[in-house]
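We just call them A, B, C and D in the order they show up, numbering each chain from 1.
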Amino acid sequence: MENNQFKGIISYPVTPFRESDGQVDLPALERLIDRLVASGSHAIAPLGSTGESAYLDDDEWDRVAEASVRRVARRLPVVVGISDLTTRNAVRRARFAEKLGADAVMVLPVSYWKLTEQEVFRHYECIAQAIGIPVMVYNNPATSGIDMSPELICRMIAQIDNVTMVKESSGDIQRMHRLVQLSDGRVPFYNGSNPLALEAFAAGAVGWCTAAPNIVPQWPVALYEACLSGDMARAREVFYRQLPVLQFVLKGGLPTTVKAGLRLRDFDAGVPRSPLMPLDEPATAQLRSLLERLDA
Amino acid sequence: MENNQFKGIISYPVTPFRESDGQVDLPALERLIDRLVASGSHAIAPLGSTGESAYLDDDEWDRVAEASVRRVARRLPVVVGISDLTTRNAVRRARFAEKLGADAVMVLPVSYWKLTEQEVFRHYECIAQAIGIPVMVYNNPATSGIDMSPELICRMIAQIDNVTMVKESSGDIQRMHRLVQLSDGRVPFYNGSNPLALEAFAAGAVGWCTAAPNIVPQWPVALYEACLSGDMARAREVFYRQLPVLQFVLKGGLPTTVKAGLRLRDFDAGVPRSPLMPLDEPATAQLRSLLERLDA
Amino acid sequence: MENNQFKGIISYPVTPFRESDGQVDLPALERLIDRLVASGSHAIAPLGSTGESAYLDDDEWDRVAEASVRRVARRLPVVVGISDLTTRNAVRRARFAEKLGADAVMVLPVSYWKLTEQEVFRHYECIAQAIGIPVMVYNNPATSGIDMSPELICRMIAQIDNVTMVKESSGDIQRMHRLVQLSDGRVPFYNGSNPLALEAFAAGAVGWCTAAPNIVPQWPVALYEACLSGDMARAREVFYRQLPVLQFVLKGGLPTTVKAGLRLRDFDAGVPRSPLMPLDEPATAQLRSLLERLDA
Amino acid sequence: MENNQFKGIISYPVTPFRESDGQVDLPALERLIDRLVASGSHAIAPLGSTGESAYLDDDEWDRVAEASVRRVARRLPVVVGISDLTTRNAVRRARFAEKLGADAVMVLPVSYWKLTEQEVFRHYECIAQAIGIPVMVYNNPATSGIDMSPELICRMIAQIDNVTMVKESSGDIQRMHRLVQLSDGRVPFYNGSNPLALEAFAAGAVGWCTAAPNIVPQWPVALYEACLSGDMARAREVFYRQLPVLQFVLKGGLPTTVKAGLRLRDFDAGVPRSPLMPLDEPATAQLRSLLERLDA
């Protein structure tokens, strides 16, 4: 299966909520998607971690998926995060995303109990077999509590037809080395750890999955282009310039900090859902200063 | 607020599912509760980790809560696990449990994103203020991804009216020491890590929250009674006898191993929900042998 | 080989250094040993971690070993720490200790490079075969960088003649459970983690290896006696009373805090060797207050 | 102080021991140094971790230091590892190295007890003030047990005159980012973690401290040259080619694997000192196959 349509900067929109009643704000989501498309992103990834998909109920999830795919309108490829605690609902979401016209789905093995390798494998297999579009394996032990080894990931890609690529968010560059070694360089991998962006490209990552374009769209694109052109001095410079913002959003939690950043950019995406709280005043001031320094 | 009604062995029933269609099996749940009451448990705790509450939808959750409280019928105190990803739904569940007649609710700060201490505090505060019954703080970093310090826990107990007790499942005995030190011995704490049962009682735990009574009901009770009577040699003997089973259920995952054990006890509670898989044949054989040795 | 001569409180004297020139102060060491013997210790263990053996040169080490064994003069059993980076020098020290009349030697697998299990095994084997007295395996990953599994420890005890007992300082009570399970309760184990003293006795530890008697001799003895008599309420009370001091000496480093404590007890043992620094004034004030509270 | 004389590939010779009696083999050491100089290394670093300095006695250490500096004979800059457990002996070694004509000394804060930041700072200060040549801070928590934060390292470089550069062996690329950020890119840093070589250069490392040139001298040099010329595709190719060897020597321990590799290269450097054991037959066969593949 061809899957090279995803490369470069894969942007993760937040899911805006209305200030008034906390409900999903679809018009704001559509405006945000337009901004991401307009500012140079190479793909759009709704309902990821940044999109607070874990905090949406099923009806909300469906509406966000539908609005996102429709709004991108094939201007860019779309990969929809369909993770759910039960295999049954993950399958339902995957089918729904495919029907909407998504180009791929992204799957994190969220769980309450630790899963065995066999359980993870079967979870991916059930989802993949239910659809005809590619599945992106998403490894993020910090949020999912499950750490998939490169060996397991490559085995799934080898043995399950439409599992074809992997987003590595563990932040461990050695994982990327292992993916290259185990697949002889044939498995496309994407970096999901913002402060690893420079080195992941050096190690051969095809793309960078990031929420940073919500607030500083030109910078991730500039890093990608410098790497693509082989200008490492420029790549290094561009990376260290944006690194403080990347560190800030990672440390403060993506929905919390990105929504605060959007407000500083005069875009109202509301605040994250409780128990998450809005970014407090001192941290917001710090973010403002980081953004101003980057804009200067 | 008085909260000394919980002490001794607090038993966690699994949530049985029907073999035929995977739906919740309420009659089996009622029979299981009767068994736990009859075999010496000192309290019943439905919808904990063992009860697969994370894998139930809201309607199922409500029906299990209702059936559980009604079936215990005040023969023993009941603490209902009401954890949910969003504060809003956790509050809804807490109110529902109170209305059913639960004696307390247990709250794990499950989350997708790491929560700050302030977010955890506010989550507990919102829940506690919505109800009039005691709240048991549940610390289990292995499943929730959030590790509450003894300092935070004691601060919540001191500052939020009906947050009154804590179940510690981190397996770290030093946490229990800190709880004693920070509260001058006044905060009742319960051990939730099976292989720490002996030492937790030595350190002053008021009770042991455990799923083991589903399959070996007399053994936890025997440990508690030996500790209560100060017979440490007997406590040690009773503990080491049951330790292999405790280690087995912890390592294999509670719903998976306890449901397999129930089947070995001729009680059909079905299998855990996908992505969880039933215990495989070799492991089941091992569990059978452990149970036989204990029964001998 | 009989090895039950070690039980109860095994006391670790510091190695006093002269204020004037930083040299080993043997007369002070002898006075300290007399105090430990007089105040109820059940065995003496010179040249352990507390004794700063790692910071002594070979000549100093020999003189401390000789003075210690001679001064105890068979009033109590003596176990000498003979750890060294090279197997050759560890063997030399073990032979020297045996010749002096030590009752046993204690061996920590200190190393610079991580050792394989085979390397650890051979290290112990070489030492044990060079002497005729018992070897106590000492597991302390925090200082040695090597964590020996209970399986490896029990294998060495089963296969190497005079390796007969183990001091567990990892602070992990589950290790003690494993030792009991793997040896069917036949391997004598000693707790080396001060804040685990209560629970280690509950789990079946034969003794407690500790530097606390240097400054609060009666308290460890009182805990041991309460546990021996099966009075768990008393044991708990005695443990929580001394716990703040135990936590303090663990956190601040044993030579540093114990030497400061000895000074507060009007015993001049000098200060630890550089790069270790003497306890600073605020921490010393805190220790003074903890000791006063315990003496009250 | 100027310190830019160190850049590129800084090679760490092993310390050869004679097969016959295990004594230091200085003629072999001199031949090895000649090979390293001849095959393109940019600096020589005797008595590092690879040089088994921890297992040498003082007399041996002095002779290896002297022979190394004399043999390099100013063909390349030399940095001598002078780490020791006590500050006193580290100072002695630093002075000795300076007198021999070393261009710099490298200091790892080896310790038995964890050191406070103040103790680490003073240790470096005492050493630096005793000499007039630059000090390279060496952070390697895996062998030293002490993890110096980038903040502490940069503070020492700012406040202690001739502490001027840092070798980071933690393998954590984020540490390098922090060093750049804290020093505004002015602190020269060297990578000491072999499998991080590609990304460390991408992040701005000035050099790579490595034992790999003992057995595959042209490959590290080729990586450095590709990075220097900005040819990332070539750098990536060269890196992934040598990565299996780098992973092998890291995992198996440097003295053990490099000495086995030297034998495969028909260079007799003996075996590492006990408790370290020679590489066993299956692992040696694996290394042979890795080297053959690289030579092909």
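Everything below uses one rule, namely that a residue touches a chain if its C-beta (ideal position, glycine included) is under 8 Å from a C-beta of that chain, and two chains touch if they have at least 3 such contacts.
On a predicted model such as this, the values are computed, not experimentally measured, just so you know.
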From subunit D, the most remote chain by mean C-alpha position: B
Centre-to-centre distance between subunit B and subunit A (centres being mean Cα positions), rounded to whole Å: 35
Geometric centre distance via CA averages, subunit D-subunit A, whole Å: 39
Whole-Å separation of chain centres (CA-atom averages), subunit A against subunit C: 52
Multi-partner residues of subunit B (each touching 2 or more other chains): none
Chain contact graph, described as a line, ring, star, complete graph or other shape: ring
List of subunit B residues in touch with subunit C within their complex: 171, 173-174, 177, 180-181, 185, 195-196, 198-199, 202-204, 227, 230-233, 235-236, 240, 243-244
Subunit A-touching residues of subunit B, taken from the complex the two chains share: 49, 52, 54-55, 85-88, 109-116, 118-120, 122-123, 126, 142-143, 145, 253-256, 273-277
